[in-house]
Each structure stands twice: as C-alpha cells, then as structure tokens.
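Listed after this line are the structures, all set down as structure tokens.
Note that subunit A is present in both complexes that follow, paired respectively with subunit B and with subunit C.
Up next is the complex of A and B:
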C-alpha cells in the first residue's frame, strides 16, 4: 500500500506541470533579472554586459533615492494605519458587536475585492477641484475654507493616497486580526476580568500578547504589500506632480518601459526585493526578541 | 474602547448598578456613532459614484454634489460601451481569467497532493522551494518574462498573461492546498489504495472531493487577484485589442475621462458593481475561507 502513494510516475504527473511553470515564471526569471542588473539595454536593442555601472548609477541617482524614501514613508504610514485601524475594527467585531458583527464586517470588507484601478479613478474624482469640484472640496467649502487642489503638491497627493489605500485595505486587515482574536479562549479573558483587568488594560496586558503571533504575521504581510505599491498610485495620479509621489515600483516600471532601460530597471527591482526581505527579517527578529522577553 | 470592553464583560451578569447603566448608555451611543461613521465612510463613495453615473453632463457640472439625478440617465452607460472598447476589454478579461483560474486550481491541487499525500524523498525541500516563491516580488520577474515573451513571438496573444498569472498564483495555491490535504487523516488515502485504486484515484475521487471547500476559497482569492490585476496586464499588453478591463478602464479615463465625466463614472460603476455583486453572492464563503485559512497558517 505504501508503494501506491510512492508511485514515482504518478508523483511526476501530478507535480511536474506546476513545478515547471513555477520554475519558468518565477525562479529562472528572478535569477535572470539579477543578471540583467549587470547589463545595459532592452529586448529591442539587445543587451550588453556593463559590470557595476547600474549600481554606481543607483547610488548617485537622486530620483531613485527619492523613490526609495517615498516608498519607505508610504509603507510605514500605511502599515501603521492598517494595523491600528484593523486592530481597532477587530476588537470592535470581537468584543463589542460579537455575534452581530457579520453585517459590519461585510460592509467594511467589500472595498478589498474591488478593482484598484476603479477605486483610484473614483478617489481622483472625489478629491478633484476642476473642471468639477469633488465632494471632499464641497465639504471643505461648507466650513468656509477655500477648495484644495489635492493633486498640485506632493504632500496633498500623499494624503489622498493614504486615505484611499487605508479605505480599501483596512477591512482585510480587520478580518486577518479578527481571525486571531476569536481564537483567544474565553477563560483567559474571564479570569483576567475577575482579577480586575478591564478596558484598555485588558487589551494591552492580555489580548495583545496572546494575539502577538497573528499580529506579527499581519505586520509582515502589511509591510510586504505596501512596499510594493503600484496600481493605486499609477491610476490615481501617476506618481505626480512630477515624481513627488513615485514609489520604487513605479519608477522601475517607467525606467524599463518608458525609457527602455531594462538593465537599470532590473537593478531597481533588486532594490525592491532587498528592501522587502530586509523589512520581513527586521520584523521577524524583533518579534522573536519580544517573545523571549515576555 | 476602554468602556466598551468592560461593558462586553458585564453584559452577561445580571442587574448592573445604576451608575454602570448610565455608563453603558453613553457607551452604546458612542458605539452607534462609530458604526454610523464607519458605514457612511464605506458606502458614500459608491453612492456618489452611482448617482453621478446617472446624471447628465450639465447636472454633473452645475448642480450640488449631493443632489440626486433629476431623472435616471442611462445614456452614460450606453456611451461608455459605444465610445471606448470596454465591452471588448471585459471579454478579454474573461478569456484570460477563466483558463488561468482553471490551471491554477488543477495544477496547484495536484502539486499540493503530490507534496503532502504522496511519500517520497525531497518533498519537503520542493514544497519549501515553491512556497518560497511567495517572497519573490513580481517586479523581480517582469523584465525577463517580457524579454522571453517578446523574443518567442507570443507577446501578441493572451498567453503571456495566462502563463504569468498561473506561475505567480501557484506558490500560494500549493501552500494552501498542501495545508488542506494535511488536515485529512492519512488512513483515508491508504484505505482507498487498499481497494486496488491507484494514486490518481486517491487524488481525483478521494482527495479532491474532501478539499472542495478549500478549492473554493483558493479559487476566490485567485479570482480577485487575477481579475483586479493591473501590473501584469499592463506590462505584457502590447496590442490594445487584447487589453483587460483594468487596463482598458485606465485608457478610457485618459482618453475620455477629462472631458466627459458621465461615461467614465458609468464605466467605473459597471466594473465596481459587477465585482461587488460577485462578492456579495459568495460573501459567506470568503469570510469563512479567510478566517479558516489564517488560523491554520
């Protein structure tokens, strides 16, 4: 009976199609991309080995530095927002609404499944100032303040980007964290309440430590997805004005496809990969240190 | 939040003292306000989208934003369909999404079975290799893939999108499918082979039916990620006749959106509400799958 489930032919038939496509689409190209970062050119004009030129360019490239700084600023603010809002919502679902939370959960979750492009175009219109004033500027107008041209400066555009991305993702993070909170045994909470812990103290001393593993996994997930931001900013304002709100990912896309520089584009892709890995390791290590302390 | 938690803790105990009751009343008012604000924030943008899509051009420009359309104007929807190529784009999205989804599920489930139920040396290493793909950002593979598709001459077809979606969707799918297969007692598979059934029977007639809830969850996750994708669709799209709906909507906005708001609103609203309808139809399953998946993971 063991040999039936150890049948080599069957294993090959079941596994190989997936494995080959995966190797062909993810593994080989990833290695290839690494090699491309030492080259110049594009598929149209051909490639040429240039050694470390792209990396030398990278360290003196102000645009890349700005994109990196913007990406980090965006990722930190979005991750903090996603975790705080998500955790607050998860607490609301678990401890306040309890069994009746289904409707609210659905309402807060649905933007997650909507196409990012459609949401970005919608938010562009919500915050628009001309030719037609959007609702946000109308509300500002109600308080007597002048309308704001949200996409004229990097700072204002950044505010819109943050609001939009938190609006569409907080429901997802609420569900992830909620899944961790409903797993907390009722006895732990009850015994803490008997000991006189309530409200914020209960959350801080009991709920947060118990849900720490889920929280850490969520932070890693949140950082990894926000460091790769692309769709929403491209569709909202294309990284403008100028390149004030251009993240690394968008800069890499423009470098490769607008300027036809695949070599330097690959170098930027490598930077994105390294930043994501570094962020993951950082959170992972700090969470382990915390666990051993607690 | 502090008061609410105490409140949740005491609701089960009988007859709270008068002070506690007053506190509970303010607490419940605060909660109602929070929930009210939450609902407005979630629903208002979509409501505004829908009402704007039904307004005439003059109404959009001149009347206050919160005003409802004076009469329902479906002409924006007609115009969205006839001026651009959004109908064609939606069809393209379907042509790409259906085979991608089918391949991701079939290949992912088979690989998950081979890696979790079948017994062989090195299966853990291979599982690790595939799951490690979840850590590779898409940007890291885009440019070489573009080069391959360009040089093999398939760039001008639906194939680049389908192949990329499948390859990119497999790590998560294999990971989840292996997790679902792990939850099934081994004896069940061994019993099926005792009756003289082969490995394929164990996969098709025993394994697959037992993980069908899991398959449904994976299919949903992958559907939304393929259907809503922009990066892959934009990168490998050379011929505008092959554009997916997301790319098409972006171009539609660039070409017509600045001059004529109505049809753009109509186009966005069609995409948003059709996706929303799909989601609401299967909402329970999404929630169940997400919570179950993350607990196991």
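Up next is the complex of A and C:
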C-alpha cells in the first residue's frame, strides 16, 4: 500500500475520477454561476456581458436588502436556538438520562427524518385560524383571547417559522453535540468533581472547553444551513405575507426561475456564497483564540 | 529534461482540458436537432403535471376523431410541474429540443418574447387559415388572444373561460339577497351576510390571484373596460389616484372575506364553496369541473354564477399558452391541428363539461344546469376584458399574487401595493 501511495501516477489515477465528478457538478456550475452574474439574457436567446449592471441593481434593490436582513436575523436566531437547545438536550442525554436516553433521543430526532413539506403542512394546520381553528388558537381561546391570524403579518409568521425550524432540527444538533460530550474522558469529570466543581460550574469550566471543537463545527454547520434556508419557508408560506419572510435563497430562486432573470439570480447566489463564507471565517477566527488566555 | 517534463505536463493539461470540454459539450444540447430540418416525427406534447384535462382529451381524440392523424404522426405526452415549466422550456429551447406542442409562458411567446424571437412559435392565425379551419376558432377566443398577445395568435385555445362570481343560491335566498348589479349592492350583500354569521366571500391568500382578480374586476367596474389596457400602454399608472382608490375599496371589503385568508390554500377555498360554507367566490369557469363532480360538490344545484357587477361583459382567458414549435411544423402537425380545431370544442364540453375556444360542432345534450347557463352567458356576452394580471410582466404578476392577501388584510397599504406593481411594470421585469 505504501508503495502504491508513494507513486504520484497511482495517486492521480485514484483521485482523478472523483476530482472530475467534483469538477463537473460543483466547480464548473459555481464558476458558470459566477460568470452569469456579469451577464443578462436567457438560454433561449443567449447571454450578453453587461459588466457590473447586476451588482448596481443589487445595491439599489430594496427587496434584496430586506431578504439579506431577514436571512441574517433568521440565521442568528435559529443558530442560537439550535445550539442552545441542542446543547441542553445533549447535556440532558449525557449527564441526566445517561444510558436510558435512547428513547428520548429517538423521539427528539424523529422530526429530522420527516419530509420538510409534511412538517410545514403540520405547522400550517397547528397555527391556522380558518377554516378550522388550529390547536394553538384553541389554546389561546381558552384564556379568553381572540384567535391570531399567524400568517397575516411578517412578525407573527416569523415566530411560526422559528418554532417550526427549531423543532425539526434540534434533535439533529443534540445528537451532533452528544457525540462530542460522550467522548469527554470520565477521569477529567471525576477530577473536577473531586475539586468541588458541580452543576453549571462543571459544565462551564470543563465540559464546554473540552467539547469546543465539536461545538465550533456545530456552529459552522448551523450557521451555514440557516443562511441557506429555503424549503421550509417555501412550503410553509412561500416567504409571505408579501415578501416579509423571504430569505435570500428563496429570492434567488424566484428571480432566476420564476422571473427568468438568470443573471441577477446568479448575483444573488454570489451574495449568499459570500455571506456563508464570511460567517464561516468569522467562526473559524474566533475559535483559534486561545481560551486559556481569557 | 525540464523541457521534456514541461512539455509532457502541458500535453496532459491540454488533454485534460480537451476531455473536459468534450464531456461538457456532451452535456450541452445540440444547436440544431434533426427535427429542425425534417419536421416532427411524432406529435410530442408537453404540459404541466397539474393539467390533467389536456392529456385525457388527446387520449380520446387519438383513438377516435384523430385516429388517422395519430397513425401518421403518433401522439406522445410528457409532463412537468408548473413551477418548473418556464425554466424547462428555456433549457429545451436553448438545446433546440422543444417538443411539437408545449405549454409556454406568456412573456416568452408574445411578439418580441424570447421564444418568438428564436423562431419557435408558430403563427396559428396563418396556419389555421391555410388549413381552412380558422372559422373553427370562436370570435370571442380570437379577440381574447389578440388582446393578450399584441394582435398575434400564438396559442391554441384549448380552454375558454369567463370569470365572475359563483354564489350559493340557498344562502342568498335564506338571507333575502338578490344578485347584486352594482358594486355598492355587492358590498351591502357581503355586509349583510357577515352580520348573519355567514362567510360572505372566500378566496385563497396562498393563491393570491384569487384575490387580485377582485381588484381587476373592481377596476373595470369603476374605471371602465379599457382601464387596464391603459396601464399596459403607459397611458395610465396604477399609482394614479383613481386606481389607488379602487385598491382601497378592496381593502375596505377585506373584513367580508374569510378569516385567516393569508395561508388558506386553493383546494380549501374550493371546498368552502362546494361544502356550502361560503356565499361567494370569484372564479373562472374552469371551476365547473369541480361543480360538476358530485364527489366534491355537496350543495348540488345550489351553486349559481353571476357577472361581476358593473362590467359590460366578462373577464375572459384562454388558459395557459399552448404553443406549436414552428421549427417542427409539417403536414403531420397540420393534420393534428385541423383535427383539434374541428373536434376539441365538442369533446371538451361532452367529456369534461368545460369550454374551449373552438366551435362546438356536435351539440351536447343534457348539460348540467349551471354549465348550460354559462354556455348561454358566453354566447350572449357583448365582449370580454382581460384579467388583472393579463398584461403584466412575470415579476409584476408574482408580486401581485404574493401581496394580494396583505393588501386585503391591511398589512400593506393600497398605495404601497399599487406602487410595487407599477414599479415592476416600469422596470420591465
């Protein structure tokens, strides 16, 4: 094996098929999308180079700005929620439920395997006001308050989106963080306990620093997936009312495939890429800080 | 040695680039397919998944009235979701691989549209005339097509729908309400029903055009039949005070629409009407397919139809564009078009109880009462107008639909709504 891996030709032969596929399905479309952001036209009549026209449009486009702000608001709230809920659940599995956590873990993870459209339909009915009042409005009614049309305003619709997306994803992040927590050597925890650490102090001073690498990976994963949110909002309320809950990804899809503006759609795709890259680099830079130096 | 190594590396890079280019070229479509030079070898039809009627009627025609044409040019059907249709059509067109008959989008097939410029839209007025079947297209359908496509005739009118208000006769009678003939009477009737605890009007916020069509009809009712064509030609703007006033009137009518309208879907809306839970619904006559289905219609003959108050005629449409690919036209396609023109009208009415833009050559007996009533109304209609978004650009169309519910509920002001749509129209998007 050492002989084979020492041969550059052998390495090339082994890597080439995978690289070609990666080149074909990832790199070429990404470059083509980047090139399209400087063009205008359609596959029917062809594309023409328009320089920075799409970028000029981007900076004067209120809809894109609103979508960007909504995307950032959504990503921050959802990521914080996913990490906090996921970490709390992981701690519960590891230190409270321990070996009897299997059933709870399975139940909490269950929404992850459900189709997004089914979850959106479920939450649409849970929060509906007509033709039948959903369970949430029925509970509100028990306290004598009037039913709420949850999808009539952007603020209320956002609350439903956040609850839905946290419910469907927290099980996944809990498992991810749980995998990191169970790797913490029992001796370290025992030593800390002997030194008098317990409860929150044990978590803050021992568990969090030791599980930091997996926590950082989880934050990057969470931020990137929430910055690219698309299907859950499309299925729940299509970014409505109006465009009040439309994230960049959905705006990009509508621009390219509904309005047929592939050039500007590619420009929006570039913005999403840059935002995701910036968020990832930010998290990476902050994670390199030496925590022992305070 | 270095030179040789460099040469070998350069050769490898060139070979790799050439290989990649070949792979990519293989993925791309050919510039000019065989069909382009020899015409169609099959009567290939591409419609949306949601369109179940067209395939059903073609199946009947190919077995019966169009059996000869089927033998000469076999019929094939492919379908794709409506949300993906525009991008699919564009990609197929770019590869010169469009089928003979395809469901286009209005902006692409109208004069100056991308597909028209690419020579992939057949002039059907000329073709029907050459085939001697232009008289099989009803004057009403021809008028709507010409209004919609700047005088051109690029679509086969497999449907012809008029729009108006479907209402529940029993609810009207129980509340002593006559069919309204003015917008004020309509508003009074809705208020009276609301006070009686009945849902006066049902529409779907998720399918926003079911609300924006109200706006279009109210604009025609208040400002005349040319109000929206003036907007399209630039002689008027939606932000003009009289247009904004009508949008405000619709917002004022908002409380008479069903509660929680924003997230109500199309099927639930229809069910509300067909279960007798709502008194009125603005809709096109394609809704007859639901009314005539006893599995869906729980109120039987209690559903009636009336013209939107104050409009001389009806908003009318000919369904989604059904286009013939000019590059694939040959005698076989011509044979199919003749057969469709002569038989589609009768077969659609007989099999589906729906109306098309073709003459009904074999009168159909025993039509359901509402279908017969609407057929009579269509034949006596003095003229027709387009619907609210009929002349809009794709973005204006989408924004109108997405923001109709916020307009109705007051989450968006009438000025902002009309400003948004006018902005889209001004930017040509």
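We take it that the second predicted complex is superposed on the first by the 269 of 294 C-alpha atoms of A that agree within 3 Å, B and C clash if a C-alpha of one lies under 4 Å from a C-alpha of the other, contacts with A are read in each partner's own complex, and residues count from 1 in each chain.
Throughout what follows, contacts are C-beta pairs under 8 Å (C-beta built on N, C-alpha and C of every residue); 3 or more make two chains touch, one makes a residue touch a chain.
Keep in mind that this is a model prediction, so the values were computed, not measured.
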State whether subunit B and subunit C clash or fit side by side on subunit A once the two structures are superposed.
clash
Pick one for A:131: touches subunit B only (first), subunit C only (second), both, or neither.
both
Scan A:237 for contacts with subunit B and subunit C and give back first, second, both or neither.
second
For A:198, is the partner it touches subunit B (first), subunit C (second), both, or none of the two (neither)?
first
Answer with first, second, both or neither: which of subunit B and subunit C does A:51 touch in the superposed model?
neither
Examine A:258 and indicate which partner it touches, taking first as subunit B and second as subunit C; both and neither are also allowed.
second
First (subunit B), second (subunit C), both or neither: which does A:43 touch?
both
Which partner, subunit B or subunit C, touches the larger number of subunit A residues?
B
Touch check for A:114: first (subunit B), second (subunit C), both, or neither?
first
Using the touch definition from the top, say if A:17 reaches subunit B (first), subunit C (second), both or neither.
first
Among 77-85, 149-157, 203-211 or 311-319, subunit C clashes with subunit B only at 77-85
Can you list the residues of subunit A that touch subunit B in one structure and subunit C in the other?
24, 28, 43-44, 131, 256-257
Residue positions on subunit B within touch of subunit A in the complex are 1-9, 31, 34-35, 38-39, 41-45, 48-49, 52, 60-61, 64-66, 107-108, 110-111, 113-115, 117-120, 126, 129-130, 133, 135-148, 150-151, 163-164, 166-168, 170-171, 174, 189-190, 193-194, 197-200, 202-203, 224, 227-228, 230-231, 234-235, 245-246, 249-250, 253, 257, 261, 264-265, 268, 271-272, 275-276, 278-280, 283, 286-287, 290-291, 294-295, 297
Residue numbers of subunit C touching subunit A in their complex, please.
20, 23-24, 83-84, 86-87, 90-91, 93-94, 107-108, 114-115, 117-118, 120, 205-206, 258-264, 268, 271-272, 277, 394-395, 398-399, 402-403, 405-406, 409, 411-412, 429
So in the complex, the part of subunit A that touches subunit C is made up of which residues?
20, 23-24, 28, 42-45, 124, 128-131, 147, 149-154, 237-244, 254, 256-261
Considering the complex alone, what residue numbers of subunit A touch subunit B?
1-2, 4-8, 10-11, 13-15, 17-19, 21-22, 24-30, 32-33, 36, 43-44, 88, 91-92, 95-96, 98, 102, 104-111, 113-119, 121-123, 125-126, 131-135, 138, 167, 175-176, 178-180, 182-183, 189, 193, 198-203, 214, 217, 228, 230-231, 234-235, 249, 252-253, 256-257, 262, 265-266, 268-270, 272-273, 276-277, 280
